[in-house]
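The data blocks that follow each hold one structure.
The same chain A turns up in both complexes below, where it pairs with chain B and then with chain C.
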Partner chain A sequence: MQKMQIAVNSAPAMADFEFPEYYSFPPFFTLQPVSATRQKQLALWRDLILKYHTTQKQNTLVLHECKLWKNEEIGRELVRENIRVICDDFVENGNGEWEDEGKTRLRILWKKPEELAGDLLAWATRSGFIGQVCTLYELSSGEDSEGASFQGADEELIRRALAILEDRGQVAIFKGDTSEEDGVKFF
Partner chain B sequence: MSHTADPSLSSFVPHPSTASGLPSLLPNESLILTIDSLEVRYTLPSTSTQLRTLISTSYLTSHNFCFTTSNNALKAIPLKSVVYEGKDSLESYTSFMGRNPKVKFIVRESEPVSIVKSGQQTSTCFLSVTDGLIILKTDLQKTVHEKLDLALFRKEWLNDVNSSNNKKKEEGFKASGAGIGGIIRRKKEKQSTASAQINAAFDGDLESLMRNAKNVLQLAEKCKAKMSREDCSDVDELSKMLEGMGVVGGVTKEEAGDDYMGMLAREINDWIVPKLKKMDSDKGKIPIMNITDLYVLYNRARGLDFISPSDLLSSLKGAERMFKGFRLKDFGGVKCVVGKSFREEVLCKRILDEVGEKGRNVYGLSKILGVNEVMGKCIVEELEVGEKVCRDEGVEGTKFFKNEFDRFCEEAGITM
Partner chain C sequence: MAHRRRGVGVGKKKAANKSGPNTSSAAQALAKDLNEGDLEFVKRSLSSLETELTKFAEMHSDSIKTDPAFRSKFLKMCALLNIDPISSKQTLLGSALGIGDYYYEVAVKAAEVCMATRTKNGGVCSVEEVKRLLRKKGSSMTKVSTDDILLSISKLGVLGGGFRIVTLEKKPYVVSVPTVLSSDHTDVLTVAQSDETGVKGCFSISDIVNVKGWTEERAERAVETLVREGMAWVDEGGAGVKSKPQFWVWSVFFQQNDEDEDEGE
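The block that comes next holds the complex of A and B.
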């Protein structure tokens, strides 16, 4: 099976995404009835959703718009019930959260807050930000954070990661005029 | 009647047996009766007063009377060599043996074996070999008489003889067959043979038809009477009548008594093992049969006296344990019989080779494996549970693929 490289979004800013081999495997689009196989299949779906959204710098998955559910190259598509099962599993595993009660929009947590907290501290150490203050905006969209795992991440996710570091005494958070102007000092 | 002096049991014809010890049968031959744990007593000519005892299992087939000797070899008295001599001989024999009734086989060198029969209500019957004597002690003596009578009356072995005689013999050159005269003579011979055959066929068929029609009518009348009276005593008579019409079933509870399950296990073993072997030798097929198919086919082979599903299962378990000619196996909850050579790994590899990259549906796989679709589905689902294959449900129906999810997880760095 050959790896596919297709542009799944027509927006010009979107980079092409290299789909893994299993995306061209027809049984990947049928929810497997055997529990052990299904667990592996769901893990692969979680992996795909995360990789796709982090690569595309997308923080939200809109269920009825997501192009991952259909692979036209092999003529396979997930049925609505199975999309729900995959998204529920995604949330249960801490990789995402429902943004609305109707469960139509899913916030993608690129990384779990604990993991992101570690990444933030490592970045601050590496970039000489220990003892320095930077804004939340700089963390998510600044030049200094370019290439970091949290660049472009959902603001809420970054706040949770910083809250973990604050509890540990590794950062102090200062209130700014707007939420983006909130400051962070690394210790 | 001059009797030769053949001194021992070796005077009987050795008879081939099946893997489970039953007599091997010819294509037209059928097993009519099995007499278990029979006490056979016989005397040798040199010591005509001394009886020797042998515990034996005996079998009456449509062609032979067979019994096992002490070293488990099968011996047979061909029924074609037996002549029923009537009551006169019986009386003389009765006076010799006191009041004991008997069935006597007399072996002669050039003449056929003769049987003298008498006695209706006793528990002992006699077989005399050469100048010696064989006594069969059995409660089934009346049944033995009746079945033997019937087999001698029906003369099934004649069908074999007729079929072999019908084969065209190669003719050598004769001076009388040469020239125009020879051609005309051969033409006339052919015509007369053909007309004789047509006459015989019509006469024979008509006679047979009338006889069977009469039997069928009698049977219908009996059934009618039975239904109106609800009297179960007709059952024996009914089965006798059916046997008279050539309808001979397999082992029955009535005939086999306490050893019914054992005999049934033997019969099933002898029936199924060759079938599984044949499947195994057929290219591409796997030696496997599900129990429901087996039940239907086996009962169909029996013709009458159908066995129950539970009897089938018990006897299959017995046969598996005793003869080890096949194994019982569960496939996706469906019980199957598989041949001795069956290996699950081989089957799995074969299926994985067949599904390839494009996948295959159950129908295609069943066709390749030489099994029916139900069986094919059970096999594939069993492999699916074992994570060997996985399914793809699309517009073309359900297809099965090699299960690659493990490899994909490994490549993606996902640990489960």
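The block that comes next holds the complex of A and C.
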């Protein structure tokens, strides 16, 4: 399979991203007029946005800066109103939230909070953190969470996942001096 | 034994010749005897062939199940003998081999693949792509061959539901929607499949008009159906470009990439 390797130039630390093959399908950049096809197309865009941001460890999509909208290799680009349609669909589907009223910045929920809650619990079980306490900072940026799906995730998102676990009685959350130092105990 | 019987028949014939003038009744009796002998011979030969074939199939059942080339030859052999080991479990051969089960599995999984990709390709999927996706499913499907898929789909077609094989420019595609494709529709898909438009999988209304010599209305009508059915995607050329729309056939476009992949292997 020919996969395009496109270097992302804005941040040197970013790894190359392997684009899915449909990213080179020219009509992918034209909003499809037929409903069934368009639904499929929007789902593919959701997938792409999500995969791109999770692998790049980016939490925010800035509408006018995002590189996904344009594929120079095939000379195709989304028009502005269609970027809006795709982002609105992304939010409606629960994959993201607008950070501002003007809808220029999109917070990407790498995973839905319920999914992340499952990941957190699985990780705690696997890494022997059941019965232990760790801080929120350790969860998102600590060595122990290296490679975990929530590593580097938006703090707000992690909090929501933890709140789900707290409701189920699977964690207890303690106030720390700063929000990052809030403690989490897994049961 | 069959040979001996035949020998008896021939012997009688000679005897009849010796015994004097040919009467029509003698000739009829002779013919009857001959035919019976021959029929018996053929029947016995066939049944012993089938027994041998069953023995052979049992002995090589692993190869038949795992080696596509072997399987294909075996099936051709069966076809010559007018034996269908696939659809009939009643025959000794079919039940000994369980080969029908295998094709049943291929058919079901191929149908699954076609359903799963339907929203993208509108229910037109190249057999190559079906094969690739089936092989990705692993286990029993890792060695599935193009012939296996063609055969399975032909069996599925009997059930209705619109499953059928359409050949465009010598490439087989599985069509998994009941939409009736007129020859105009397949002609348009064939233009997409051919290289005449420069890029595989892509065509415009004027391409169709040029290649087929149709009126614009006729081309538009055919293309409209393909778009409505999700078989073709509309491409307006991206931002700022005000060109006439082009159309892309998902399954043809990505089949192109599959070929590249095969060459690379």
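Keep this in mind: the second predicted complex is superposed on the first by the 185 of 187 C-alpha atoms of A that agree within 3 Å, B and C clash if a C-alpha of one lies under 4 Å from a C-alpha of the other, contacts with A are read in each partner's own complex, and residues count from 1 in each chain.
Here is the rule we use: a contact is a pair of C-beta atoms (placed from the backbone, for glycine too) under 8 Å apart; a residue touches a chain by one contact, two chains touch by 3 or more.
Everything numeric in this text was worked out from a predicted model, so none of it was measured.
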| query | Mind checking chain B and chain C on superposed chain A, clash or fit? | reply | clash
| Can A:92 be said to touch chain B (first), chain C (second), both, or neither? | neither
| task | Quick one: classify A:20 as touching chain B (first), chain C (second), both or neither. | result | first
| query | Which partner does A:47 reach: the first (chain B), the second (chain C), both, or neither? | reply | first
| task | For A:78, decide between first (touching chain B), second (touching chain C), both and neither. | result | second
| query | Now for A:36: first (chain B), second (chain C), both, or neither, which partner does it touch? | reply | both
| field | Clash with chain B (superposed arrangement) - responsible stretch of chain C out of 39-47, 183-191 or 255-263 | value | 183-191
| Intersection of chain A residues contacting chain B with those contacting chain C? | 1, 21-22, 25-27, 29-30, 32-34, 36-37, 39-41, 44, 75-76
| field | Complex contacts: residues of chain A adjacent to chain B | value | 1, 20-22, 25-27, 29-30, 32-34, 36-37, 39-41, 43-44, 47, 75-76
| Taking the complex as given, what residues does chain C use to touch chain A? | 119-120, 122, 202, 227-228, 230, 233-240, 245-248, 250, 253-254, 257, 260-261
| note | chain C partner, complex, touching residues on chain A are 1-2, 21-22, 25-30, 32-34, 36-37, 39-41, 44, 75-80
| query | Across the complex, what residues on chain B touch chain A? | reply | 357, 359, 384-385, 387, 390-395, 399, 401, 403-406, 408-409, 411-412, 414, 416
